[in-house]
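In what follows, chain A forms one complex with chain B and a second complex with chain C.
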Partner chain A sequence: MGNDFVVPAIVAVTLVTVAIGFYGLRLARTTSDFLVASRVVSPTWNAAAIGGEYLSAASFLGVAGLILKYGVDVLWYPVGFAAGYLALLLFVAAPLRRSGAFTLPDFCELRLGSRRLRTLATIFVIFIGWLYLVPQLQGAGLTLATLAGSPYPVGALVVAAVVTANVALGGMRAVTFVQAFQYWLKLTALAVPAIFLALQWQADGRSAVTPPDGSTFRTATTVVVEQRAVLTLADGQTVEVRPGDELSFAEGEPVPEVSGVANGATDWLLPSAAGSDDRGLFGTYSLILATFLGTMGLPHVLVRFYTNPDGASARRTTLVVLALVGVFYLLPTIYGVLGRIYTPQLLVTGQTDAVVVLLPEAALGAGTTGRLLAALVAAGAFAAFLSTSSGLLTSVAGVISTDVLGRGSVRGFRLATVIAGVVPTVLALNVSGMDVSQVVGLAFAVAASSFCPLLVLGIWWRGLTDAGAAAGILVGGGAAVTSVLITVLGPGLTGWPATLIAQPAAWTVPLAFTVMIAVSLATRRRAPADIGRTMLRLHAPDALRS
Partner chain B sequence: MAAEDALPAPRRPDPAGASDGPVGSGPPARTRVVLAEVSRRPHWPAGTHTELTQQTRVGEALVRGLVRAQLALALQLSAVVMVGLGGLPWLFAIAPSVGRMTVLGVNLPWLLLGVLSFPFLVAVGWTYVRLAERNEQDFTDLVQRPER
Partner chain C sequence: MGGNISAVIGVFSLVSVLAGALYAVGRLRGRRGIATPGQRATYEVLHTAGLAAEPLRAGLNPAGAAKAARHLRTLVGADGLALTDTDDLLALDGRGAHHREQLRTAARRVIASERSTVLGEAELTCDRIDCPVRGAVVAPLGGASGRIAGALVAVTDGAPAPGLVQAALETAHWAGSQVALAELDSSRERLARAEVRALRAQISPHFIYNALTAIGSFVRTDPERARELILEFAEFTRYSFRAHGEFTTLAEELRSIDRYLTIERARFGDRLQVRLQIAPEVLPVTLPFLCLQPLVENAVRHGLSRKPGTGMVSIEARDAGAECHITVEDDGVGMDPATLTAGIAELAGSTGDPGDDPGQHVGLSNVDERLRSVFGDGFGLVVETGVGSGTKVSMRVPKFHPGVRAGS
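So, the complex of A and B:
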């Protein structure tokens, strides 16, 4: 597929990112500048930076892909990704900022005074960070392969190299500016093509998204299958296809039904109903729990709060972030829905994550407009990979440099960045075939089952003890990690076990809370003696501080 | 001024110690310096908020009250979200006809989840920020009132 605007657009985004990084480097003189931007970041910049960091490949590519594939039930992904900030605002934002904790391990030590708990938290931060980095790099590989025809590893390696170098050299100060810029770039890159797409859809006579007798191919299409599936053709015949198979469809031919995808109008258009689809309903609630409660436990989200000057501004910043993120999430739905009309072949190939980057050319034709818009989308997608990976890498490198290498120096941080960047790159080169959003969803489930109970109980309940916190993280987080490993590596399960493992949050989050509370009550004597002072510090209004 | 007698504030060794942290006497606890300002204690203006910093019963009760008020507010607003958003899958499941309703040609679930949920979340967040700041203002007024 030759779109000669794509590579220049991606190069431009990368260069601007690096350029702002070096500008930041010139400004970053002290270790404090380097790691925490010296807290001179204004709230508006900060909110845009948080939004820019948060809107990852999963939001930019994955959500639209999932909507194309599964329909209304996965609208809970964008809703949950946004609602996570509300949970963060209600339960965590201001007290966490006042605590002065920079990372989750800091919070553990500060609230419970336990070095061992700190180590446990460090392990979880690194696991979640890497689990979240892999799909970013995967998305980069997929985008470049789809649009520029490069081999899959190229995109992943480019993003990994740029981000590692940028974080290692520029530090947090640079990252803040880069990310604020990237929020607006991502919004533009989805919003402008969305307007063109909507107009084109009007001009095409507002084709039905779910026509009564099934979707059809609008043009003659040749499809190369990428994932094993069973197709049910229009005449009722079933065909098993393997990766590499080529299928040709004539113009107006109906799109075959694909196994594992919401095909019919009712399936795609309507929510899971009780009785017929109890597992779907369980999955929905599990997803809601994971995304609502997982955001607060993501390492790169938490680090940002330290850049607010005080608790009240942390609250206000979070509210602005919620609004910015909400505006962004209006857009992927449009791509997912129009993808049903213009790019039905993705359902057959299984590469639904590519819908956002393919849709402009598919709908508007391969003329200059279509190609320019495709390049804009590709630039936005790259901004998504770069910004989220930078944030994740900064926080993983931060905990590695302080807690594993045991140095707080700039050199230590640089070394840690390289270590933190290499591991997910290797992983990303060796896994493929999973939906980007689903991997990210698993990272949310782990965060919701480990750090969410720790933060919520730590901030609001005096009775939490270090033993309780450790037990809750080990049991709840451990169960979620096990589910992730089974999903990614293990045998294919069917029925209820498959649902419980694929969307674990609905049982692992309550489990984590229960264990944490029960063990804390049993070890009541271990509660920190200075809890009164800690609570005062977390909750007293900023006006009372000098 | 009976309460004043109970306060150990005048026993602080020197003014420098008072600005250093809430615990003015005794050897400072060993602290590990990490990335964050973990080791930094908040600085309180001497005198006015001694009840809070000296952990008197009154101060303790005040802080407990504030924490309880803020937690109640957060829980109430999350209940609003739990009913408003969390009830939707259940509603669509037990009353499939609701899911089939269309508004302006769009199925209701798409409209509710894809569009309206976001302003709803922002509105809840805005309400929380306002009310939480009001709770804090009440607390500040209470603490800074010269006579009780």
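So, the complex of A and C:
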């Protein structure tokens, strides 16, 4: 532990973020030239900003950790996280921008003209926002604990405090500049160390990722267990370990098999038991549906589209986002794979989410290069927490201040920011045992079962009524929310119920669509009278409108 | 097993008895709410009238008339009821569809003469043997304003009884006043639109004169610049006088302000300094047409008039969550807040400070009023000023508001 470069790197990232937020606008846009001042944000810049806001702790840390742990199965996470923008591009981006709606509740009011539906959408926006904020703070706690040796709550509290203060005091004024900067920082922070890691791997004689006789420890390692597990040692003996146990392994000793983790080469390399067990397959389909359709329901992503001047540029922006995000997701995969070789002890401790921040030092040694790269990765991870949490907090606080507190003043927004920041902080301090990516996956599942049907049907089907939309959101979204609450708080389940609850999207999304369509057909008379005009507004090309 | 079934049946019957009892109590209570037949009749008439009023308040159109005719028929107690506007039958509920032509002719006659009439069997001949229609009452829909908007036709199976005639006349009078109220609503909207138009006409005279004088001074010395200025001026007027749309985007409003300032710079030269700071995120924000331009005009006047040396006008638009905050500031002589309040209170400002141009108050208060009427009372203008310390006008614009949309 104890890397002297980490804390300065993190402080530097935080200061730069805050400084750009406060002064970026003043420096970049103070002019006497109207052409400069009223230049709209180009799709490329806006796409980088969306990427910056979107690539969260789950993407930066979680994906690599999951790949280290479960292998090829979870490749669907990065694929789905990126491909969600394809669904957004095809079905939502341009019509939503043309509608002029800023938030999802705005869209509800515009399309269906119902205040009650707006309230319902508000509740879901707040829930999804909070659910998504928790893993960000969790990741921050984990990173600081791993790299600087501080207790877990410190990191979470620091990030929560910095972000809340920054948003409340107006530090996200130059939000596009900040977020675009964060994207490139995150990409650099993963790409540069990845190059060094790949070279080191070459120099080490390209060790096999999954050697036939199981992975071995490259150096003598002492492991402190953090999660209860059953280990199967090399001689076939099983040991039950509890948090706090210390185990020592000599160099070259094989890594014990850990329960609940893909251990053997075939387990890790092949899709899990697709043939023998339907549950794994169901979980995978659920994950695909949640990530593909959930992206369009994330409140902090949708508000960024408002910056585009028209529908066509919104579509172009989405296309660029798809490319930027796609490039980014290649990198965590590399970390997860190399983590198999250089940091197998994480499988024993259960802290697989830390693989990205630990890998540079583990692979390159504790020399200056290794420590500098570790600091760079830590800085990138912090950029991920800061940008995503700021974006989420701004959206949630905006919704709370306009729809819950009902006053749009500056003080109202500050109060709302504090409220929006405190709740997830408290939650993050109390749930530390879950995989970061899995919690994010749950947020995606809720978004996919509530807002995805609303947006897709609202934009493409004239027959949607307010009663139908409300029923669909309540039934589908409600089922997803219940699953989330059971997963987070409830008793451990086994068998099919456990699968259905852990990955609910595959049944909640079709359920939401079905209920929405059925209730809309039953209440056909409630369809808004001005539906033709609304549809024209959503779908007519921008050139026709002025 | 047998005990089990009987237990289930027992529970089931108990539940149904309970439900039946609850239902019965509910019915009895509901009945007790309206005690006497008189009260019930009053309630029913008022309720039906309320149902009929809603579609009528949208004005006389076929869809609304069809909805209203159903309730009006219940109200009059006729076998068929039709509503017409000044030249055509809009809706007919109940009997009499094949007498359409005759009813329409009668209605036209009634509207022309402004007097109600009763049609007997002789005027309603038809070749259907089983036709039950024997008479009709036609009454004009006259509002309080005295203008006849249409007619109400009540069709009956027997000879029109005096009670039916009376009911039809009263109902027609009532419906007429509802239609008149609808007209009032639409004229109020027209008035609001006329105000915007008036504002468009208002900016111009002063500015047009100054602009043309400034351009004129360049015609000989710098013809190329004069030409450019004239083109800018033309574009500026095109935007300001555009006929369509109550709303525009911040980007477009800024473009127009740019043209305005280009022309003013031709007049003032280096004395006029401009500083802009616009967050790109808020450029697509929709706001009422011409609500920023008067503020800038005001700032130019304040920043430069009665003050030697340069004047600085700064325009700032900031992103603030679900809102956009816009401020227009000048470092001119400022004004006494009391004068400003008085000026706004008197609107025309004819008795205000004689040295002050009353026009600016009109501009500010007009913008203030329009912002409030569009976004709500919380979104008015905020003016910070003092003698000798410049003026700062700020407004908040929500990024989304139902019913607000650029280009409409």
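Just so we're on the same page, the second predicted complex is superposed on the first by the 523 of 546 C-alpha atoms of A that agree within 3 Å, B and C clash if a C-alpha of one lies under 4 Å from a C-alpha of the other, contacts with A are read in each partner's own complex, and residues count from 1 in each chain.
Here is the rule we use: a residue touches a chain if its C-beta (ideal position, glycine included) is under 8 Å from a C-beta of that chain, and two chains touch if they have at least 3 such contacts.
Because the structure is predicted, anything quoted here is derived from the model rather than measured.
Novice: Mind working out whether A:Leu330 is in touch with chain B, chain C, both or neither, as first, second, both or neither?
Specialist: first
Novice: Is A:Gln200 touching the first partner chain B, the second partner chain C, both, or neither of them?
Specialist: The answer is neither, since A:Gln200 touches no partner chain.
Novice: Quick check on the superposed pair: does A:Ile288 touch chain B, chain C, both, or neither? Answer first, second, both or neither.
Specialist: Touch partner of A:Ile288: chain B, not chain C.
Novice: Which partner reaches more residues of chain A, chain B or chain C?
Specialist: In the superposed model, B touches more residues of chain A.
Novice: So, A:Leu110: does it touch chain B (first), chain C (second), both, or neither?
Specialist: In the superposition, A:Leu110 touches chain B and chain C alike.
Novice: Contact-wise, after the overlay, does A:Gln182 reach chain B, chain C, both or neither (first, second, both, neither)?
Specialist: In the superposed model, A:Gln182 contacts neither chain B nor chain C.
Novice: Which holds for A:Asn308: it touches chain B only (first), chain C only (second), both, or neither?
Specialist: In the superposition, A:Asn308 touches chain C alone.
Novice: Check whether A:Thr317 is in contact with chain B, with chain C, with both or with neither, and answer first, second, both or neither.
Specialist: neither
Novice: Between chain B (first) and chain C (second), which does A:Thr352 come into contact with in this model arrangement: first, second, both, or neither?
Specialist: neither
Novice: When the two structures are overlaid on chain A, which partner does A:Gly100 contact: first (chain B), second (chain C), both, or neither?
Specialist: Both chain B and chain C are touched by A:Gly100.
Novice: Can you pull the chain A residues that chain B and chain C both touch?
Specialist: Common to the two interfaces on chain A: residues 35, 100-103, 106, 109-110, 306, 398, 402, 408, 537, 545-546.
Novice: Contact residues on chain A for chain B in the complex?
Specialist: 35-36, 72, 75-76, 78-79, 82-83, 85-87, 89-91, 94, 100-103, 106, 109-110, 269-274, 281, 284-285, 288, 306, 312, 315-316, 318-319, 322-323, 326-327, 329-330, 333, 398, 402, 408, 460, 532-533, 535-537, 539-546
Novice: Touching chain A in the complex: which residues of chain B?
Specialist: These residues of chain B touch chain A: 22, 32-38, 40-45, 49, 52-53, 55, 59-60, 63-64, 66-67, 70-71, 74, 77-78, 81, 85-86, 89-90, 92-94, 96, 99-100, 107, 109-110, 113-115, 117-119, 121-122, 124-126, 128-129, 132-133, 136-137, 139-140, 143-144.
Novice: Write out the stretch or stretches of chain C touching chain A in their complex.
Specialist: 251, 254-255, 257-258, 261, 273-281, 283-284, 286, 318-323, 378-379, 396, 398-400, 402, 404-407
Novice: Inside the complex, what are the residues of chain A that reach chain C?
Specialist: The touching residues are 25-26, 29-35, 37-41, 100-103, 106, 109-110, 113, 170, 172-176, 306-309, 394, 397-399, 401-402, 407-410, 413, 537, 545-546.
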